[in-house]
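Okay, got some structures for you below.
Common to both upcoming complexes is chain A, partnered first by chain B, then by chain C.
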Partner chain A sequence: MSLAKTRLQEERKLWRKDHPFGFFAKPEKSADGSLDLTNWRAGIPGRKDTIWEEGIYPITINFPNDYPSKPPKVKFPENFYHPNVYPSGTVCLSILNEEQDWRPAITIKDIVLGVQELLSDPNPDSPAQEPAWKAFAKDKELYTRKVKEQAKRYQNYNA
Partner chain B sequence: MAKDTYLKKVLGEERFNHIKASKVLMVGAGGIGCELIKNLMLTGFGEIHIVDLDTITLSNLNRQFLFRQKDINKSKAMILVKAVEKFNYFDCKLIPHHGNIMNTELFPISWWSSFDYIYNALDNVEARTYVNSIALFLKKPLMESGTTGFQGQVLPIYPYQSECFDCIPKDTPTTYPVCTIRSTPSKPVHCITWAKEFLFMQLFDEVQILSPEKLAEQRKILESETTDKKEIDNLMNETNELNDLRKLTSSTIEEFMDNLVNKIFVKDIEKLIRIDSLWKYRKQPVPLDYATYNSELSSMVKSTSSDVLHNETKVWSILENLYVLYQASKSLIDRIQSGEKFISFDKDDDDTLNFVVSASNLRSSIFGIDVMSKFDIKQIAGNIIPAIATTNAIISGFSDLQSLNYFKSYELSNQDANTVFVSMKPNRFVARATLASPNPQCASCSLSSRGIMSLSSLDGTLQELIDNIKEFYKYEDISLILGKNKLIYDFDFEDNVDRSLNSLGFKSGETLLVQDDNDELENLELYIIIGEEFKLPELTLRAKKVFKEETDAEDDEPIEEGVVDDIIEVEPPIKKQKV
Partner chain C sequence: MEVDDTPDMLDISVPRYLPMSQETLKTFSAMVSAREDNLGRIDSILRSIKQDIDKYVEFIIGENMFENIGYTRDFMIVNLQSLERILISKYELENWKAIAFEIRNNLNQQIPEDPATLSNLQQYHDANDETLNEFIRRRVDEMKNSPEKDKNIREYVNKNDLYQLLKNMAFVIEKPTDPLPEEQDDDDVAMAGGVISLKDPMSLHTFKEPVKSKKCDHVFEKSVIEEYLRNEIKTCPVAGCEGRLAKFDLRSDDLMLLRVKVFEAKQQADDFEIETI
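== the complex of A and B ==
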């Protein structure tokens, strides 16, 4: 735990010094007025010139006790429309997977950029929900319409 | 001849007297504790405190030899002391404590500081980490010990002089990505995890059930997104399906069983198969052909003579697994219907175990994964590490012996002690290694200093404390983290500066982590006590160490310290093995 909290405060400092344009990421405020370093909220802007561009998409980043040995868990809101997002909102991404590409050196910046990339560049080989996966594979028109509708709903999300 | 004549000769008069005058703590009165206590008593320690929060259970009795059947449900620490009084030849003062070692009210830092030496005889990482942190705060020597099956180790810890418990990276229990568990299992453990943590939990355990209002709210969100009614229904169904199954726990077993098997082992699998890209490189699962087993299953259920349930080491057939699933479900829904609000998985609750064993086996067979016996699945589902009495006894012996070195001179810098490993490798049953220096990247002992901060009251403001800390240690800008994860102040977060320490959660036994926002000085971890006056520990903080990002650290450096440098060979080896 000692390592987790030290590292998370370092992450907060790193983010303050340097973070990609249009993103935000910060620990959630608890009822007692402190910030909970193990629970972050972040906003991911859709990439320019993609069907995702109009939205800023909310995610929560949850850090386990044995972070950074273990990766954090990243979640969109429930029923978020994307082929690699489970109905519960959990994101299926290799850098967040302990058995695949997670390394302790991966920073919060790497994570949010990875999620942004996943939005406009889904991985058809790891489907996590039926509706978005099906539309992405078989009905691009429907997929595009749904993504754009969703983007509108997340237009005004901010810190 | 006095009873201690030989002891004096073996230990030497001076060391014998030191040991006699020492007060030591043994944390844990289980497998290792039962062995270790007799060693410590017969070594002549003057006073031993024993702490354990557990009570004795039947499964302890095969190796925790100080406990008897009549002691079941009684406090381990209390019974242990009673049991050893019979051979208390050297009039050792034995003090048992029944409680959690991490409880700072029961065991405040002043209590800890009264001991000369701490022996860990624990079975979990959390408590070990905690005792290690206390040893670091107080600079107390600590003997760490542990066994798994035929392997065991003792590690003497001299705070800041040798490796501490946190210096060594731990293999944390593996967690499995949700994708593997839900869609593409490839090992028995994936199916066991699915059965235990997903299926069983959703059906029987306490989970958040969405209220009708919440469901209506969700529907509204969906309706704002699309006008396709069929799709809304489909999405809503996904949320509802397991809720529906859970409702069936109030119907008959036949109805429950048919619905369960048809959904989980037939329809859900068919759905997965339709996602064809999943099966490009993987073997496709085959849905259970439930109909073919139906008549055999019902006749098996009717004949009461089946003894499948009692054969725990046999690998059950599909039919037998279905039968066990039926019987387990029957008991579980009976229990729900007779008033149990929810049931949690417990390896010792046979209904829950049988349910998980049969459900995971059926899923395994669908995915072409090996089916296992109940005995084997119990080990995995219950996270059971086999405990072997002999290993515990050997390790406890070394725990005692390696600590004797400290009582020669009471010097923390004296590191003649060894870490000792026991394993079943041929000709290397026991190996020892000199102690390694602290890991330079260890967040607990190398990257921070520790000390005790005494507060005279909790009425002062956070700002006052910040000013005091900055001035005392010459920090320019700091951040403060209280306890496990509460950030209460940093450069960018000054909301709390005018609040009282009390309202922020400061209390005796809590820890405060101070980090330098300018990255010049190292971290400082303060253990909070309430005392007569305000006092910060006198420490000279070292410069903060900066490490370059590791690239491929594994192969970069040869391991220098901690190499096994001596082998005690139990049998003369035929061929000398290279170390």
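== the complex of A and C ==
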């Protein structure tokens, strides 16, 4: 069996045994009902006492064949409102970038915690979309309102 | 340097080292090879100590004697003292070997390129103002009287894997997932909730053949890290570690292997107890 497969099976076992509070993450089911370990769905709760706190935000995590040598691709839904999320939903985060801080020892738990941190703590140096980045830089009031509106939409997202 | 032991001044095809004392050179070569033999002997003693430790561990695990830690401590203390003495000899012999290498290099450099002839004998004479004997004596004295000597020996012994295994085996047999006392404040040791991880950080499987990076002390499963590195130099797979690793930076981590063996044996013993209650 490939390293990617065995590693993802272990990731699943570890996650089921123990994972951070309020999060969920699980492999998708294939058409035939079996588990597709290379595609996961996860929910990221916004941090308490931030404008993100009311939502649980959905992401998909797609693992390449040469995972964990190469990082997985993490996506929010299209047009997700955040300065570091591309219009396609792809997350711009250094630990998910092979050229930057990705390392094979980074686990799914590390990734979802990293994405949670990015939500309420955007990186002003890597803009990925116009609307949220502009508002975040120049109009905090608009930014806050938009984020809170979005949080309401994702209030009831769960497994 | 005197040239009175020159055999026949009229013979143009004299050996290149002619102005050196041939006797000194012979004695020197004999000393070097005798010491190299000793190094070989020491390595075989070290291998047999490793075998003794392995047998001892097998016995402890087989007999489920994890509680009788005093026994292990005695085994450790006796063997640690002799191991230390052996390692000090090894250190001195290795130093000697390095000096011998230096002397050989030095010899080759000091001898002029051209073969010795009657007309350039003076050039030979001038090329070497320190006799071989003096040179050897100076280097050996430097080694013996170095102010750093004790510190270097300490470091050498401490860095030895077998020494570390023997020194820490009692602790690890007692507490297989606890960080060693000297590691407890070390951020580079893979820990989760205060315990040492017994899993390869890439496959997340429990170690079978753990290897440690000389560059950063991170531990990996041999087959997994070798597959990752292939024949390249890559950044350490652990997040935040800037160590640059190649295959030859890895050496087997016997202490980690001991942790895994003891941990699994203890777990089995616990499971057995639960079943029989």
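Note that in this section the second predicted complex is superposed on the first by the 158 of 159 C-alpha atoms of A that agree within 3 Å, B and C clash if a C-alpha of one lies under 4 Å from a C-alpha of the other, contacts with A are read in each partner's own complex, and residues count from 1 in each chain.
Here, a contact is a pair of C-beta atoms (placed from the backbone, for glycine too) under 8 Å apart; a residue touches a chain by one contact, two chains touch by 3 or more.
Please read all numbers here as calculations on a predicted model, not as lab measurements.
A.B. asks: Judging by the criteria at the top, classify the pair chain B and chain C on chain A as clash or fit.
C.D. replies: After superposition on chain A, chain B vs chain C: clash.
A.B. asks: Applying the document's definition of touching, compare chain B and chain C: which contacts more of chain A?
C.D. replies: Answer, by number of touched residues of chain A: B.
A.B. asks: With both complexes overlaid on chain A, does A:D66 touch chain B (first), chain C (second), both or neither?
C.D. replies: In the superposition, A:D66 touches chain B alone.
A.B. asks: Does chain B (first) or chain C (second) touch A:Q155, or do both, or does neither?
C.D. replies: neither
A.B. asks: Looking at the overlay, does A:E11 come into contact with chain B only (first), chain C only (second), both, or neither?
C.D. replies: After superposition on chain A, A:E11 lies in contact with chain C alone.
A.B. asks: Touching A:I106 in the superposition: chain B (first), chain C (second), both, neither?
C.D. replies: Second partner only.
A.B. asks: Considering only the touch criterion stated at the top, classify A:A137 as touching first (chain B), second (chain C), both, or neither.
C.D. replies: first
A.B. asks: Let me test your reading of the model: by the given contact rule, A:L3 touches which partner, first (chain B), second (chain C), both or neither?
C.D. replies: The answer is both, since A:L3 touches chain B and chain C.
A.B. asks: Would you mind checking which of 24-32, 96-104, 132-140 or 222-230 on chain C runs into chain B after superposing?
C.D. replies: Stretch flagged for C-alpha clashes with chain B: 222-230.
A.B. asks: Kindly list the residues of chain A that each of chain B and chain C touches, one partner per complex.
C.D. replies: 3, 6-7, 69, 104-105
A.B. asks: Give the list of chain A residues in touch with chain C in this complex.
C.D. replies: For chain A paired with chain C, touching residues are 3, 6-7, 10-11, 14, 68-69, 95, 101, 103-107, 110.
A.B. asks: Residue numbers of chain B touching chain A in their complex, please.
C.D. replies: 129, 133, 166, 169-170, 172, 174-180, 182-183, 218, 221-222, 224-226, 231, 234-235, 238-239, 271, 275, 277-278, 280, 443-444, 447-448, 479, 481-482, 484-488, 490-493, 495-496, 499, 503-505, 513, 515, 517, 523, 525, 549-550
A.B. asks: Okay, in this complex, where on chain A does chain B touch?
C.D. replies: Going through chain A, the ones touching chain B are 1-9, 12-13, 16, 27, 30, 32-38, 66, 69-70, 78-79, 81, 86-87, 90, 92, 97-100, 104-105, 124-128, 130-131, 133, 137, 146, 149-150, 153.
A.B. asks: Show which residues of chain C lie in contact with chain A when the two form their complex.
C.D. replies: 201-205, 224, 227-228, 235-241
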